[in-house]
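Everything below concerns the one structure shown next.
Chain IDs A, B, C and D follow the sequence of writing; residue 1 opens each chain.
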Amino acid sequence: MSQLEQMYQQVIMDHARAVHGRGLKDPGLVSVGESFQVNPTCGDEVRMRVGLDGERIASVSWEGQGCSISQASVSVLHELVEGETLEEADRIIEAFRALMQAKGEGLDEEREDLLGDATAFVGVGKYPARIKCALLGWMALKDAIIQAGRDTDHD
Amino acid sequence: MLPDLRADFPLLTRTVRNGKPLVYLDSAATSQKPHVVLNAEAEFYQFHNAAVARGAHLIAEEATEAFASARADVAAFVNAETDEIVWTENATAGINTVANGMANASAGIGGTASARFRVGPGDEIVVTETEHHANLIPWQQLAARTGATLTWIPVDDDGRMILDDLASVVTERCKVLAFTHASNVTGIISDVAALVARARDVGALTLLDACQSTPHLPVDVKALGVDFLVMSAHKMLGPTGIGALWGRKELLDALPPSVFGGSTIKTVTMTETSWLDAPSRFEAGSQPVAQIVGFAAAVRYLSALGMDNVAAHERAIARILREGAAALPGVRLLGPVGNDPLENMLGLAAVVVDGVHAHDVGQVLDDAGIAVRVGHHCNQPLHRRFGVASSTRASAHVYNTEDDARAFVAALATVRTFFGVAA
Amino acid sequence: MLPDLRADFPLLTRTVRNGKPLVYLDSAATSQKPHVVLNAEAEFYQFHNAAVARGAHLIAEEATEAFASARADVAAFVNAETDEIVWTENATAGINTVANGMANASAGIGGTASARFRVGPGDEIVVTETEHHANLIPWQQLAARTGATLTWIPVDDDGRMILDDLASVVTERCKVLAFTHASNVTGIISDVAALVARARDVGALTLLDACQSTPHLPVDVKALGVDFLVMSAHKMLGPTGIGALWGRKELLDALPPSVFGGSTIKTVTMTETSWLDAPSRFEAGSQPVAQIVGFAAAVRYLSALGMDNVAAHERAIARILREGAAALPGVRLLGPVGNDPLENMLGLAAVVVDGVHAHDVGQVLDDAGIAVRVGHHCNQPLHRRFGVASSTRASAHVYNTEDDARAFVAALATVRTFFGVAA
Amino acid sequence: MSQLEQMYQQVIMDHARAVHGRGLKDPGLVSVGESFQVNPTCGDEVRMRVGLDGERIASVSWEGQGCSISQASVSVLHELVEGETLEEADRIIEAFRALMQAKGEGLDEEREDLLGDATAFVGVGKYPARIKCALLGWMALKDAIIQAGRDTDHD
């Protein structure tokens, strides 16, 4: 498998072709947060909406456009995070960030388990310019949770 | 046509991804530098580095001499007078020097001498829909600060400026018309004569963004007839961190500065300052002298090649890039396809691949050793006009060969298959 | 004390007038560059030159990485956060970024976020009588454009800021206090703590001109407590054409830009623009990347020497320069003589020779191979305060030796005889 | 003689020590022109006043301060130009400029004759930074003549 194929793994290609969670939903909940993030060099953008039900992220929906990496990443994010507790989401977000910083190496088993399908993004870590693409949705998620009145990490 | 110049450019001999030879097709973003430019900078630092126009010591004299003769070289390159060349950090800074100078004139700085630069409510500032952000935002903000109105010349579906009803866009209220000499997205070379004629009719100042022309075409400020022109060395085989603003001397001497500091003034008291004439009034603080010396080496290198030869060489490459890309299924070439004479086009091609985002296109090309630019190339309004967010751009310079262009087309042909979107 | 570093600096091995060895004592104007700085720039151009933060290709990635890590290096050098460092062409440009940003805020740009930067009639902008033109004229012109009043902290006959009645100069009306960390004429290091304390009392912003401190002293932005700080690489053993503005992040994110262009914006339409956060909002157009990489190499070189060692080394030279010059008949040392602790002085001496003009003094020194600066050193008001038009300044850096200082004093001793004015 | 001594010739030293023409005079003539010139790097300055009597420069006086080269140069200028016709002054000015550009070499005999004492400035041409000093008064002269309504050169 070439380095390029390592980045564009089948899981990513599949998610990019048929994204999950697209289309902003009205979560019908009390705590709703929204965030709009742009990649200024290419104009790619994502608008992320979360609805919190107490400690749980009950709803994750989004709108946006971008490259296969950014689209697949936000699609995977939707799959991973919707329904999770804030604490669990925090761990997932941090694991995904760590994966991006890992320069193409994998993570420990515990964090890889957390990430599930998202470990397919491991190859992106070899392309610093693409890390921004992969993180676009995740930054929007983090910010949307803050907008909903909560913070994911406590450090 | 030019001989193969790659040996002059050290970076071009390196390899990329898995030892592949590099095909550098990102020169519209920034160009590579020949040995003569790097050597000129190194020699300056090693033998003549000192503060210029100050100090009576030998090295300061040598530095001052290098600084002055570089200005003469760059002036000669565009057929300007030496003291009409103002050093700026990049072309962006040059445009801001004019736009911010006009804002300051409008705020009363510069007294009656600068009155011709004042704009306010009822006045119009005109740009075009094909401008790089650098030649849009400064004017937009000038309008915001002064109450003047920003208007623009629209482009057609091929990105050509629509000049048919120029008179209705560039009206008697127009005070300044700023436009590009050549588009960094479509590669179209503008009809400068038509635009200048209309600006003159209504007494408007003209500023030409020559970022994409001075590296690739013969440029003669006197023949063009504009009032101001900007360029950036880093696209002209020169160093990063240096550009130039050219302006008619009588205009430069009247335009108030907008960056204030040492070496710009005749006398200073705590409360008052009188400015030197141009170019000094605009060159505040210690100047990028080593880069200026490198810039001069770059224009001498280009002049030795002959800008007519450069243009002809790049036209040949343009043909392969543009015709090759346009012929690929599922590939859209931004700008005119086939029906524009290539004399009016730069050696670049920006494309959109059906169903594949520019980042992904660029990644496949990168994997083949081909360096291109992806994104909106600091030109969002034009991309929006084309109905796309971004594109993939291949752009050539003197060191590229026709084989480079063919390599681009060949790699581009593989993109849709890689992403499984080919019909 | 430092070892003899001259072998690190290629220019210092050259000879001048009739093969005399060079004694370079003009570092307060601009410093020489060590091999590591020149190599860093050359390596960047030869292997990693590309547009940064754009393009998906390998070389662009490498350039972007070099660009980002340079910012971290320069930030670390002054104990700042990485995204609090804004690249500027020189220190002058950094001061203008703040002063012109305040002018734009005052003109309504930046909306409510920028309201804290507005100044107008009734407000005061305070500088000092010992400022370089770079830290005077931008504020003078800010006052002129906004109707605010410029006032200043006076200096005594030795050039020391008079802080006794600071409260009467820095009043509740003061919106910004801009002052130098160290004087380029007297060499006095300012009492930053006293000035910052007063500015805080009245809620004024502070800007520190650190042009003459970052090359020679340990500088820690957090410990200093100022809001903004500027520096210039070319005085710090770094390349020409690059400097940095540091500011507290929350201030930088609220200050409107004043140079507009590509790479500063989130989105742009023909009529509206939204800015990125700092530092990007201030870095319009293609950046001086090679110089930035060289700047980082320079601060790493200085850090490896240890800024405490640098300061101690230069204090020893200061002693010889200042005490030696002051002891000569008919020579007046500008600034404190003997009675100031040398801990508070830079390694420089500006002198006036009775009956001999600075140009003529400099010429005799030049003939002896000693490079110094003559003139008002972009500091007319202070020279006027001293009752002179110009002076001759010797200034040291890490590569100077005590012998260099002695050579200066010895040559200075011959000046009056040469011109036949010795008693 | 060292290169330095070649620049600071005795004639220059003498003029610098006892300048001629200093002190602005009221020429009492119809055509009077004045010019103020500054060397921005050192703050040296000269204010030059000329009085024209038809085609003749009847009066040349000045005020100012500067280095020995600039002071001696304006002093010599006063000696050379006062009383001359505009045409002759034009030739002298051009000869002095040529001397400054000659990089330390002399001029042809005709122009050296025109310059008289001023040929002592030949050594200044070897020091580009000092040429500005030597020319300060001459620039003021040229401008003052223009201010008096005349131009010296006709090219």
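Quick notes on this one:
The rule is short, and it goes like this: contacts are C-beta pairs under 8 Å (C-beta built on N, C-alpha and C of every residue); 3 or more make two chains touch, one makes a residue touch a chain.
Quantities reported herein were computed from a predicted structural model and do not represent experimental measurements.
Touching chain C and chain D together: B. Taking each chain's centre as the average of its CA atoms, chain B and chain D sit 44 Å apart. Centroid to centroid, with C-alpha atoms defining each point, chain A and chain B lie 38 Å apart. Averaging C-alpha coordinates per chain places the centre of chain A 77 Å away from that of chain D. Residue positions 41, 43, 127, 130 of chain D each touch two or more of the other chains.
Shown for chain C are the residues that touch two or more other chains, namely 17, 54-56, 60, 263, 265, 267, 359, 363, 374-375, 380. Two chains count as a pair here when they touch; such pairs are A-B, A-C, B-C, B-D, C-D. Those residues of chain C lying in contact with chain A across their complex are 53-56, 60-61, 64-65, 263, 265-267, 276, 280.
Residue ranges of chain D in contact with chain B, taken from their complex: 38, 40-41, 43, 127-130.
The part of chain C that touches chain D in the complex is made up of residues 17-18, 356-360, 363-364, 367, 374-376, 380, 383, 389-390, 418-420.
For chain D in complex with chain C, the touching residues are 2-4, 7-8, 13, 17, 41-44, 65-70, 127, 130, 133. Contact residues of chain B toward chain C in the complex are 10-11, 14, 16-17, 22, 24, 26, 29-30, 32-33, 38, 41-42, 45-51, 54-60, 89-93, 95-96, 99-100, 104, 107-109, 129, 132-134, 136-138, 140-141, 144-145, 150, 152, 232, 234, 239-242, 258-265, 267-273, 284-291, 359, 362-363, 365-366, 370-375, 378, 380-381, 384.
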